[in-house]
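Some structures are shown below for you to check.
Look for subunit A in each of the two complexes below; its partner is subunit B in the first and subunit C in the second.
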Partner chain A sequence: MINIDIGATAVAVLTLFGIYALMAISLNLEYGVAGVPNFGQALFVSIGAYVAGLTYTRLLPLLAGEQVIHPCRATMGAALQLRSEIMATQPVAGFINLGFTFLIAAVLAGLVGFAVSYVTLRLKEEWFLALVLLVGGEIIRIVVRGADDLICSHNGISGVAQPFYFLDDPRASAVLFMLLALVLAALAYFYSQRLVHSPFGRMLKGLRENEEVTRSLGKGISLARAQIMLIGSVIAAVGGVLFALNTGFVNTNDYVVTLTLDVWVMVVLGGVGNNRGALLGALLIAIMDRITQIAAIALNMSGSPIEFNYARFILFGLILLLMLRYRPGGLLPESPLTTDAHEILRRVRER
Partner chain B sequence: MPTALLVTSVVNTIQIGSLYALMALGITLTFSVIRLPNFAHAEYVTVGAFAALIVSLSGEVNPLVIMTAAFVVGALVALVSHLAVFKPLEGRNVSLYTLILSSFAVGLIIRYILFMIADYFNLFDTRIRIPLQIIYREGALILTNIFAWVAPTSIVLVLLLTLLLNATPLGREMRALANNIGLARVIGIPVERVKNYTWILVGGLAGVAGALWGLQTAVSPLMGWVAILSVFAAAILGGLSSFSGTILGAYVVAFSENTVMLFLNFNFGLDLAYKPAIPFFIIIVVLLIRPQGFTELFNRSRDLQR
Partner chain C sequence: MPLLELKNIRKDYGGLRAVDDVSLHVPEGAIIGLIGPNGSGKSTLINLIAGTTDLSAGRIVFDGDDISDFSSDQVFRRGIARGYQEPSLYFKMTVLDNALLPVKGQRGEDPWYAPWRRYWRAQEEGHATSAIDVLEQVRLLNHYDTLASDLSGGQMKLLEIARALMGAPKLLLLDEPTAGVAPKLAYEIFQQIGRLRDDHGITFLIVEHRLEILFDFVDYVYVMHLGKLLAEGGADDIAAHETVREVYFGD
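For the complex of A and B:
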């Protein structure tokens, strides 16, 4: 049997939960609240990860006052060693670098999200947007992989270390990183809760339910859609940066349609249109991820001929199908919106 | 660009374009008749390839038998996915996104079941065992019996399907469903039965396409999934409704992926790593600029109007 370190497992699961929560909240705002079918979640997550790959190789040495070494091919080892040394000895450079990473990723992803939603206004049928986003993610992936020098298409960038890597105790570093992920997820959650309960959020729900009616009430729907895409993309890109930092590795192969589907599973499982549902979905998927990993290793060690890693995808597919068929609202369905005015009205009625 | 390379790439275009046509017609048919952009279509192709592989590993060398097996298995899987997943959802009148998402889920499940099977029986990177013969050789151009099977079979099947759609009662009923499902039901067309036949046809042809695909490259659980967006590009070029447009679209996509890509590589140094992006560009450009695709080039009266 394998020994499971409960503390470390809990930290890993909670870190993953924070990262997944960011992605799920982003998709929930876009699809659950505003009804924009973002089948390109991997695109926005990947922007965060690619930016991390770029800043760790290009910006970090500059911030630490060192020469930039080309990260690929012959100088790959030297560049990796330099990165790791800087992250281990110069925490300030690491933090500034991380700040820039978040900033650049957020700006880039926001711009892409905003632009995409305007471009797709031209689309004849609404579901084409899903296809355009799906395909857009793949194009970016292929271009980044093809432009060999950006983030070393064949090997990827390793040594994308967490910001607390300089601590002597790897456990403390992991716990702090977990806290960072959870704090960012909490910020995103409270922000999106406020957004959903604001007049803007109600307009988005109106947009989701009936575009024509919302327009007839004098709401500018294309701007609203662009804004929510911008917000969602920024949150997803922040999740992408953390995702890359969590694995310590940036490789274009990780940001494929399967990742998009994972996020959809979280939202559909937790509850479409409900931010709490997105959190629940993210938590359940983070736990399930870990359990399938442990089960796969345990089965492998016991000499079982069945590769259990594949079972994860079958399981996720089944979850999607069962939820869509028997509980389309998710485990925590969206509750009716209540505003202050609505509360007053209810009290007046009761009187 | 050297002529020999040009000729080889055109041969590739014909071979791959014919396969794309076979698959893309299935996409067009499901989209028009069932009203579902079916991303699980890729997996019917893969399932067919695996069925063909397993039959060929049992010692069968007759391509016709192998393809029949692929047809039957592909059709079965498609029909089961319809009855178990899509039909109950359609009954509940769900949004199109729910249908798209469930088609992704169906694809995911089939794909990874195939991964498990391939892993268990050690089927990775094996080919369908048909003895390879060279039937024609002219300079650098080599045509094998594989080419002689793949291209003509696909073309014949595509023609048969077009004939079925235009000249048989079932085809007429399918067109009626595509045109107006409510009206079709009112005038007494057995809608559910026509849908079942559509799924059998679509899955079966995808299965045969998989078998043919497995003749030329190694069979892998990802083979359909890798091709699916190229196939969607072809169907979108056909406006997702026109049969002739879809066939033309399939050859256009294959031509861009092979000949145009090689041309760009030779003359402008564009890295071959960008090849997979070509169908994606086609999808985006067509959807944004000309969503009707090639439909207006052809007489639409005989197509699957929506």
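For the complex of A and C:
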């Protein structure tokens, strides 16, 4: 049998929940609220991760007052040792590096999200955008993988430590990183709730419901869509940075289409258009991820020939199909009364 | 000077000429009827004015500006709102959100300000106050938090008019505002239209098949047939017009 450390498992699940919540909130704003089918969630998440791969190898040594060692090929080991040492002994350099990582990732992803959607959404069918992003994510992944010197091709970059790695107690360090993920997720949640309750949210819902009518009611719909794609992409990229830090590893293999599908499952399961649903979906998937991992290890140890990790895909596909068939609104369907205008009207009437 | 003037406008779809050299005037504050048999080009004409369809030739002048090349959002912002033949509400949104969405110049629609309520709350209160007036007028105020899809057919038509009004238009284009509505309610819809003209000075250009109701309310009527203007005149003239009776009523 395997021993399960309940405390460590809870921390791991909650950390993953925070990271998934960022991704799910991002997709919920884009698809759930504004109706933009972003099938390139992996692309925007990967931007965050790749930027982390670059800053940890190129920027971090400079911030710590060291020479940059080429992270790949012959000097791979030396470079890994250097960044591990810096992360273990120079927390300030680590935090500044993380700050830059978030900033660069957010700016880059925001620009890509805005530019791509502004160009492609002028096409009649928004599903063109879905295809462009689906293929675009894969192209970027192959290009990054092909560029030998960027993040070392198929070797990837290891030793992308989370910022609390310098603490002697690994438990405390894990708990603090969990808190960082949860705080960022909470910020994204409250921010997107405010958006959904505002006139901007109302316009986005209008876009989702009927693009033609929204245009003929005087709204600049291409701009509004590009704006929500910018916001969503920034949130996804922040999630991507944390995702890479959580695994301690940046590898292009992690950012394939299945990641995009995972995020879609979270949103469809939780409730399309409802940020609380996105949180619930993220939590359920984080828990299921852990369960399938444990089950896979347990099965493996008991000598079973079944590779349980693949059962996960079957399970997620099944969830998606069943939800779309029996509960298309998700577990927590969107409330029609989201905008603050309803409460404002009530108050105005009471006067 | 008329509020809206169409000068020799034309629309070709491949080999088909849907609108052929039509010129007409809509004076400010008037209710103008646009009638004609199915396929005569009335709806195309509405789409051309509203900017949802591009002109093949001719000019459209509105309130002193040439709006021939305007897109539909520009046309709306310039002061022309429209209704649709099929109800085109936001069915999964409430009556209130439907009404507030078209309001122009909303500060809270800018994503920079949207998350911070203090930047747009006062403005939204003002908009809610106008929504109360407009919804009251079409007797939908008590349904403000109802989903648009839960309204009756007649209420949907009224909400569509109310929604258009919230954009503070000078001219309202309506494409069969009583389609699919019971006769009694159809008459009420036209009474509302008359009241909106009288109280708010809004100008109307209305495509309508229920001539018996339309003729009670219009100031002037244009008749289209096969893409061309066949006749124009007061309601009585048109009702008595021989060629019109021939193509329209088949007698």
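By definition in this document, the second predicted complex is superposed on the first by the 336 of 351 C-alpha atoms of A that agree within 3 Å, B and C clash if a C-alpha of one lies under 4 Å from a C-alpha of the other, contacts with A are read in each partner's own complex, and residues count from 1 in each chain.
Convention: a residue touches a chain if its C-beta (ideal position, glycine included) is under 8 Å from a C-beta of that chain, and two chains touch if they have at least 3 such contacts.
Remember, it's a predicted structure, so these values are computed and weren't measured experimentally.
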| item | value |
| --- | --- |
| Partner chain in contact with A:264 - subunit B first, subunit C second, else both or neither | first |
| Touching partner for A:127 - first (subunit B), second (subunit C), both, neither | first |
| Partner chain in contact with A:253 - subunit B first, subunit C second, else both or neither | neither |
| Touched partner set for A:135, first subunit B, second subunit C, both or neither | first |
| Which of subunit B and subunit C A:209 touches, first, second, both or neither | second |
| Subunit B versus subunit C as contact partner of A:191, first or second or both or neither | second |
| First (subunit B), second (subunit C), both or neither touched by A:231 | second |
| Touching partner for A:153 - first (subunit B), second (subunit C), both, neither | first |
| First, second, both or neither for A:3, with subunit B first and subunit C second | neither |
| Contacts on subunit A seen with subunit B and repeated with subunit C across the two complexes | none |
| Footprint of subunit A on subunit C - complex, ascending | 50-52, 71-73, 75-77, 81-82, 84, 88, 90-94, 96-97, 100-102, 104, 106-111, 114-117, 120-121, 124-125, 127-129, 131-132, 144-145, 147, 163, 167 |
| Interfacial residue positions of subunit A with respect to subunit C in the complex | 191, 194-195, 197-203, 205-206, 209-210, 212-221, 224, 227-228, 231, 336-337, 339-342, 344-345, 347-349 |
| Residues of subunit A touching subunit B in the complex | 31, 37, 39, 119-120, 122-128, 130-132, 134-136, 138-139, 142-143, 145-146, 148, 153, 257-258, 261, 264, 268, 305-307, 310-311, 313-314, 316-318, 320-321, 324-325, 328 |
| Subunit A-touching residues of subunit B, taken from the complex the two chains share | 37, 85, 88-89, 94, 96-98, 100-102, 104-109, 111-113, 115-116, 119-120, 229, 232, 236, 271, 273-274, 276-277, 280-281, 283-284, 287-288, 291-292 |
